[in-house]
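My questions all concern the structure below.
Chain naming follows the written order as A, B, C and D, and within any one chain the residues start at number 1.
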């Protein structure tokens, strides 16, 4: 039996599945938050979700619009001050997975959320680093999720806001007390992982119905595919139901405010 | 000792042209009423510090109050860009605004260090990021015990910090509850501080380890009911996510923005 | 994820001979039951870290568990000396104990830095004090922004930290309330941690910003009713000031001390 | 009318009077705590008392035996973690007066609470520094109270645990961000203040009935007296009553535990 689902849903479900039950996850707002909460509501009931607003072990019933929605504090185990969040919980090494989105990402998984163009004369000014620069280096590993497009997937980011593996893939070599960095990138087309040697992002799994050409067209460098390219498993009916209910609840809640 | 002042008088007394001002509140408890009062009083050349500029600084920047913005994430949360911030940075409207940007971790540590009376904060940060190449206030030091290279940033020590909180008692002690952000740090790090509150009560009615800022650590307290709207006050009212979304269209256009400020800030007065 | 263990098993598993151990609790919530279990299991060569050694370390030192003590104030609060600590330092009984001493400010910052995963803490400290001349772990750095000379100490990162708290829920989340000292920092700074609690409950029943240590940040939880006596547990029982005064006479004499430990620790077992 | 009072009471009342209403005071245990609470219960109802255990603005009904008695937390405005206490409240410059006791004090007001004798071969091991080294440098000014004796008042302390004005009186010169240091020492015989130039402790006021000889006998250096030596005012009946009630309440409370 074949289910109907959108490529966005495919992305979210795949991203959610990456998160192991029981792990502690520092959650970025937007797509990462959607995926992390879907994980919590499906296979990972004991995943610990932490938002940079200080909400520790939170279980929002609807997705937050902002990183500090009241829902996050109301359903948290406790809420700590923001300096404590970054010092004790992130830098203190308590986070297994940092889950991030980004505006731009390059071949070596560096992230740009600062600007397009030149720093002093930006074409487009983006929001900036936020928590990402230290999430990416202080968390045990990093998952990244974003929609696949040539605008987003570039050969070299305009600005390295947040370290993937550096301009040359060696940015984490010999750095003490640093996490593994990005271990997977989940898009609406595929899953990519850094090559164990070169750290170049490689497509390891194609989503159902997606062709290599589509991925190549949406990627700003000559993207490589793993020798053993896998097919991403489809979402289950249960996952789709729960995701859709979550999004409906969210929309209802936010429309009312 | 905190003085109870009207919001007008508190802003008039403590926010001087050219001052360094931190208006804090991490999504929660953003001091919008105070921000509007700063706009009404047409303060100029402010250096505005804030981890997440948010709509409040978009309004101040668009209204021409800011000379410089120090921040770590400047967006309309969950919605998109801060159009007034972008217009100022990209096109210099209403005038050029300088920016100095950090990461959240660095700014949070810088507020902590400011509250702790230190000149610098030390963190394991900015590894591999290009932010240090565009922010000369980020330096690196070597740990004298391990040799590890660590980031250092100057502490945040504003001339005046402005925060919003749930309530104060009659001695001026203030309860902050829920997402407390860096509000206490902002108040303690500043030379002067203004705290707006939803109400003044006889008894704060708190638990033993509540986040309470003593009155003697605050310069002025002003009652500003619903003073955090469109952000929220835990225990009092929710966030107007709708307004955050509507702001996108208002702020996108210079004239629409100016009209909105005229109608909703200048023409209303303190108790709007 | 915190495992629920008996106090015996928690100490047996996590406190190894030669380990660096922090038993914290600032006057309040001192983990006496756990300390006694360490004595019963005759752990040896421990490096004991604690801001205020107090009677608990006097007992451990007198019982021969300690090789080194790192502290900032070693006395019987309001009563006088810690005679076992003094006897070990001054006369080497039951064997020589090394000491490394700090100020409270430095140790508090060192715990904070340990929890924050940093190798060092920076503070405006030790100015004019001769402690740096007898503690080679105190160094000075120069602020790269202001040139100010500031003290630096290594962060505290124990092999195991042991603290006592009011209660845990069934997921192992722990509430600490009242004088919280450096207990949370001790737990977060350590490789392993044991938390003894008065009771296990279905619901911690806390307020939004309570000091709660999540179960996944703790190694083991053991129920130890009245586990902080003769110190106290806010909300459960008071401090036995009388015992603190009586301790002076008990600890003054080696034989009296040894007899007391035999009768009150060795012969009693975990549930004494 | 002449009141009966002990020299200890005279000391406590004089120390209490030094504390201004409305000031913030970081209180050491023992004599300072007794004096600070007497001040709060008499002329200084709005004095803010802070103990290093994290109890902020506390109003104990009985004197604490330890720096962290439950009474302190129960009557505090709020209680913060100890690192916050030392970082935000003391080092952050929020304390007007640090009120300390000591075992030894010297001519330049340096305090020794570490040991008598040589550091590696101590004759007597004392408790150590505790909060004092940073209270003495980070508070706006410092009051010291202790009983006068040759054992306590020495020419040179065996160990400078806590800076007064250094071995040569110049220990605070050109040090940035440092408090004024000790501004008065209150004993059971007299009040002493550092000479504005040399920083040597000088007797400025003798308690009623105390002679210069008694002070000289109890001081381990050739102590100087101010040109305009004053007579310390006597305790009032009200002060004595309140002090005695406080001590009675305290004894009753502690005996019962």
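Rule of thumb we're sticking to: contacts are C-beta pairs under 8 Å (C-beta built on N, C-alpha and C of every residue); 3 or more make two chains touch, one makes a residue touch a chain.
Quantities reported herein were computed from a predicted structural model and do not represent experimental measurements.
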Intersection of the contact lists for subunit C and subunit D: B
Interface with more contacting C-beta pairs, comparing B-D to A-B: A-B
Averaged-CA centre spacing for the pair subunit D and subunit A, given as whole angstrom: 57
Approximate Å spacing (C-alpha centroids) for the pair subunit B, subunit D: 40
For subunit A paired with subunit B, centre-to-centre distance based on mean C-alpha positions, whole Å: 28
Residues of subunit D touching at least two other chains: 73-74, 79-80, 87, 91, 138, 177
Shared interface positions of subunit C, touching two or more other chains: 112, 117-118, 123-124, 148, 178, 180, 184-185, 208-211, 234
Pairwise touch network: line, ring, star, complete, or other: other
Subunit A residues touching subunit B - in the complex, by the definition given at the top: 29-30, 52-55, 64-70, 72-74, 79-83, 85-87, 90-91, 110, 114, 119, 122-134, 137-138, 159-163, 166, 171-172, 175-178, 254-255, 257
Touching residues (chain side subunit B, partner subunit A) in the complex: 26-28, 51-52, 71-75, 77-79, 81-82, 85-86, 89-90, 101-106, 108-109, 111-112, 123-131, 134, 148, 178-182, 184-185, 211, 232, 234, 238-242, 244
Touch list for subunit B against partner subunit D, complex: 1, 112, 115-118, 173, 184-185, 188-189, 206, 208-212, 214, 216-217
Contacting residues of subunit A [partner subunit C, same complex]: 22, 24, 48, 56-57, 73-74, 76-80, 87-88, 91-94, 138, 177
Subunit B residues touching subunit C - in the complex, by the definition given at the top: 117-120, 122-124, 137, 139, 141, 143-146, 148, 150, 152, 154, 177-178, 180, 207-211, 234
